[in-house]
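Please find one structure pasted underneath; my questions will follow.
Per-chain numbering from 1; labels A, B, C and D assigned in written order.
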Amino acid sequence: MSTVLRDAGYGKSEVRLVKVSRRPEGHDLRDLTVDVGLEGDFDAAYTKGENAGLLATDTMRNTVYALAKEHPIDDIETFGLRLVEHFLSAGPGVARARVHIAEHPWARLEIGGRPHEHAFQRGSGGSRVATVAGDGGEPDIEAGIDDLLVLKTTGSGWEGFLRDRYTSLPETSDRILATIITARWSYRGRDVAYGASWLRVRETILEAFSDHYSPSVQFTLHHMGRAVLDAVADVERISFSLPNKHHLLYDLERFELENENEIFQPTDEPYGLIEGTVERSTG
Amino acid sequence: MSTVLRDAGYGKSEVRLVKVSRRPEGHDLRDLTVDVGLEGDFDAAYTKGENAGLLATDTMRNTVYALAKEHPIDDIETFGLRLVEHFLSAGPGVARARVHIAEHPWARLEIGGRPHEHAFQRGSGGSRVATVAGDGGEPDIEAGIDDLLVLKTTGSGWEGFLRDRYTSLPETSDRILATIITARWSYRGRDVAYGASWLRVRETILEAFSDHYSPSVQFTLHHMGRAVLDAVADVERISFSLPNKHHLLYDLERFELENENEIFQPTDEPYGLIEGTVERSTG
Amino acid sequence: MSTVLRDAGYGKSEVRLVKVSRRPEGHDLRDLTVDVGLEGDFDAAYTKGENAGLLATDTMRNTVYALAKEHPIDDIETFGLRLVEHFLSAGPGVARARVHIAEHPWARLEIGGRPHEHAFQRGSGGSRVATVAGDGGEPDIEAGIDDLLVLKTTGSGWEGFLRDRYTSLPETSDRILATIITARWSYRGRDVAYGASWLRVRETILEAFSDHYSPSVQFTLHHMGRAVLDAVADVERISFSLPNKHHLLYDLERFELENENEIFQPTDEPYGLIEGTVERSTG
Amino acid sequence: MSTVLRDAGYGKSEVRLVKVSRRPEGHDLRDLTVDVGLEGDFDAAYTKGENAGLLATDTMRNTVYALAKEHPIDDIETFGLRLVEHFLSAGPGVARARVHIAEHPWARLEIGGRPHEHAFQRGSGGSRVATVAGDGGEPDIEAGIDDLLVLKTTGSGWEGFLRDRYTSLPETSDRILATIITARWSYRGRDVAYGASWLRVRETILEAFSDHYSPSVQFTLHHMGRAVLDAVADVERISFSLPNKHHLLYDLERFELENENEIFQPTDEPYGLIEGTVERSTG
């Protein structure tokens, strides 16, 4: 029997890292989860058990901590670039390195109206994420946001959709729209202020989510994508994955109570899932 | 064989409820998870299969939604009182009803510097919880907070502890202190502004967490408890459960790098767990 | 302000331990999660920051691993007893030690019909748990089972229950009954074959779950408890916590399809929760 | 600004379905989670808010239950094919339908040595999964297994790997190897006995996991892949994703105890992740 090995790759996932920067005016805190993945020619290890070309995933872990010490972590995109550059030269067979970083939000405590020097609470508003991948040429950088949970109590409906034998859902022009936004975007060039751009994308998404009547999650996805491309010139394309966290109007008529879009049952499953990418066109 | 039934009870857990209040100046949003439990004489059902004295847990669910419609939800404590009162009369065998409510935080979106009328994002700072239990006499009310994740980058140590054959931990006067605060407290009377008191307790906990050098989580627990009793006259006693979310100083000396309390590995397990109650003494 | 400290206690949770015993005829594998808790007079630490009487929770962790090395782990009950005995003498203020152990099931692989010497897959049928607590006198031992997921496709109903204004649930004499059994029991004496008893209790629970028409989860709880006390003479009392994992008959009549107890939608929330204890009576 | 919409798609996720087949000799139970996704020309909905071409995801849910009623669920692959065929004709814009099904294992209870007619407990050994995707031509079918947790207490090592500045891991010729196998494979033709093949692939994976000294997870991945292609002629290619669930030898020398591969600390994070595909070559 003749076989071939394909898509061989390996790495270290869920490396948890906190870096504290002790500046005179107060401490900074960065809380990251880093995943490292390498692809390339590892055939001797997979097929013959020859490990000489393999970097231990434990070494990848050590490297993440060591490079976090040796360099400032400004933007996660630049820290990712540094890691990719390092891992590309970390073994003879490495053809491509991919680093995914998620930054967990912390908010400095305000005590008596003043920001505290070294105490924090968990922040909100979603996690900042970035994926950097490189093969020795120009690396790919993807920025993103995870776990941005938003909800509108009105200004959303679902009407005029296709009806077939199995359709039972009534139409509505007033429902709750709730979703957990996952977004990924790429930039047009390399001269990008990653942190400022991320904040501007996030702000634009929230604004666009709020500023229109939503006839469908699909429409709102495209509307938010357009708004980001409009507002942030550096962004080339943006993709969304939007679960529709259904809030069912609870049937209170059975108890002779009227429910005018007031009492809802949020549900976890099943959920709708709406996806799509909006990108600048050259046409 | 002769046996006896004890501690018989049943209820409905994880009833998810969202109530939208459409005020002219903007919508309000309450997002609750409600657990209902009944205790009493249900022996005929347990031992003979006679259900005539049992309220269906499905009816408990309906009741939560119906009462949320029929009454305003001001404080979760008062909504809990209403539910307890209702369930105490819901069946012949009910001797005691217990309702636990967790309120999930939402923050109104600010768009262009102005609060939006009906759009929200998930808030932070912990969930507000309350447990109300009653047997027909004066009900018990316990307020609380869940999932309040806080961290100090310094101002914490662990020294002078007992050492035995199995002790390997070095002493330190500078470490990261991180915990997920769970607190429960009870009030001295019934004439309490529950919402304002909750906010004041939360604020005091954060302030006390931040304002001292912590020689141990144990000390910080007691310090926060004292501060709450000092600041909020209505609070009779307060209990804390504080997991010690260890942040390990990563060993970089192996790579000839110095790690001056800068690079840490957060860990999920195992974790220390510190508990205790501080209450006013009559002495 | 005068205050008092109560219920002070601390410990280490989620200590993960695997012990391999290399017997000539094949390896044995024990996979445990251990929680340690100490109660006592730790006032100096809580109120004054004096740590001299505190055992580090890190030392508790080391101790679990060291004692697992120094002694055989036969039954988790006896390993728990050893740990409790050790921790009772681990510090001047310790008044009571409590150890909870959960054992994760592994099943030896059968390859070509023969048990493999050292390869395993995750087992099923619930985790074995034990809690041992002692204060220097006779220790308390509680055995138990967690996560025993069972389901009957028929032989279960729910009829004749109380109906009030908020009751909408129809009666049924044929439904799916599904639950995740949590059970805890104590023994009458100390001369108990813990492992054999645990297996016998588990087997009896499964048999009793299957052998009758269930008019309610309440009845099935009591029926299983009676069966265990009948079958296992060593057991003094047994408690159950039984979530009712509702399987809703899906409404297919809307599509002119009949659904004769065939197509169900399992739901996670909300769920009924039924609890109770059956114990031998001296009467 | 000119933009274009790409990769537009939507569907329903986490549709939970239980089907009971009441055969005279005993009930059968199928417990599925179904995800449906549609791709195609939905531009009018995304860009103009015109929903006329959109099937509601609620209708997708209804359809899953209705088709489960109208047809037998033999293999999840064939049920998936039926769903894909249905959804391809479910709207004017649908170009491609994709259905993922996971089947949760249940084991019939044995009471008194005999299989029970209608009582079950949760099974082990991983979930069977299948993904079917079609665009009107020949559909793609991918079979798979999720959550197959396996462990070897010996017969595994990690030596001779690359060492660089950040390498600290010692070599070992005897360690615990533990992983949670995720596998996906495709078949060479359409005349496949899906259920029998799935069982044979699973059995072969377990056998291959157990039958050799593993110099690395990479080697074991390839070895298992080769074994499957060898044993199951219908399989064209197989991919694995293997997290390395590290079991760290606990340092007991500090306490003057020897640890001869006996006492381990299992860890959840970080973990190695090893991936690859083995396929038949035509060469």
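In this text, a residue touches a chain if its C-beta (ideal position, glycine included) is under 8 Å from a C-beta of that chain, and two chains touch if they have at least 3 such contacts.
Worth saying up front: this structure is predicted, and the values here are computed from it rather than measured.
Visitor: Please report the smallest number of touch steps linking subunit B to subunit D.
Guide: 1
Visitor: If you tally the C-beta contacts for A-B and for B-C, which one comes out higher?
Guide: Output for the comparison: B-C.
Visitor: Go ahead and note the Å separation of the Cα centroids belonging to subunit B and subunit C.
Guide: Measuring from centre to centre gives 24 Å for this pair.
Visitor: How many angstrom lie between the CA centroids of subunit A and subunit B, rounded to a whole number?
Guide: Once rounded, the distance between the two centres reads 29 Å.
Visitor: I need the residues of subunit C touching at least two other chains; which ones are they?
Guide: 16, 62, 66, 166, 168, 254-255, 268-269
Visitor: Could you list, by residue number, the parts of subunit C that touch subunit D in their complex?
Guide: My answer: residues 16-22, 27, 29, 31, 62, 65-66, 68-70, 106-107, 109, 111-112, 116, 118-125, 148-155, 176, 206-207, 209-211, 247, 250, 252, 254-255, 257, 259, 261-267.
Visitor: Which of the residues in subunit B come into contact with subunit C in the complex?
Guide: For subunit B paired with subunit C, touching residues are 1-16, 35, 37, 42, 45-59, 61-63, 66, 90-91, 158-164, 166-169, 215-219, 221-222, 225-226, 229-230, 237, 239, 243-244, 268-281, 283.
Visitor: Quick one: in the complex, what on subunit D touches subunit B?
Guide: 165-166, 168, 254-255, 268-269
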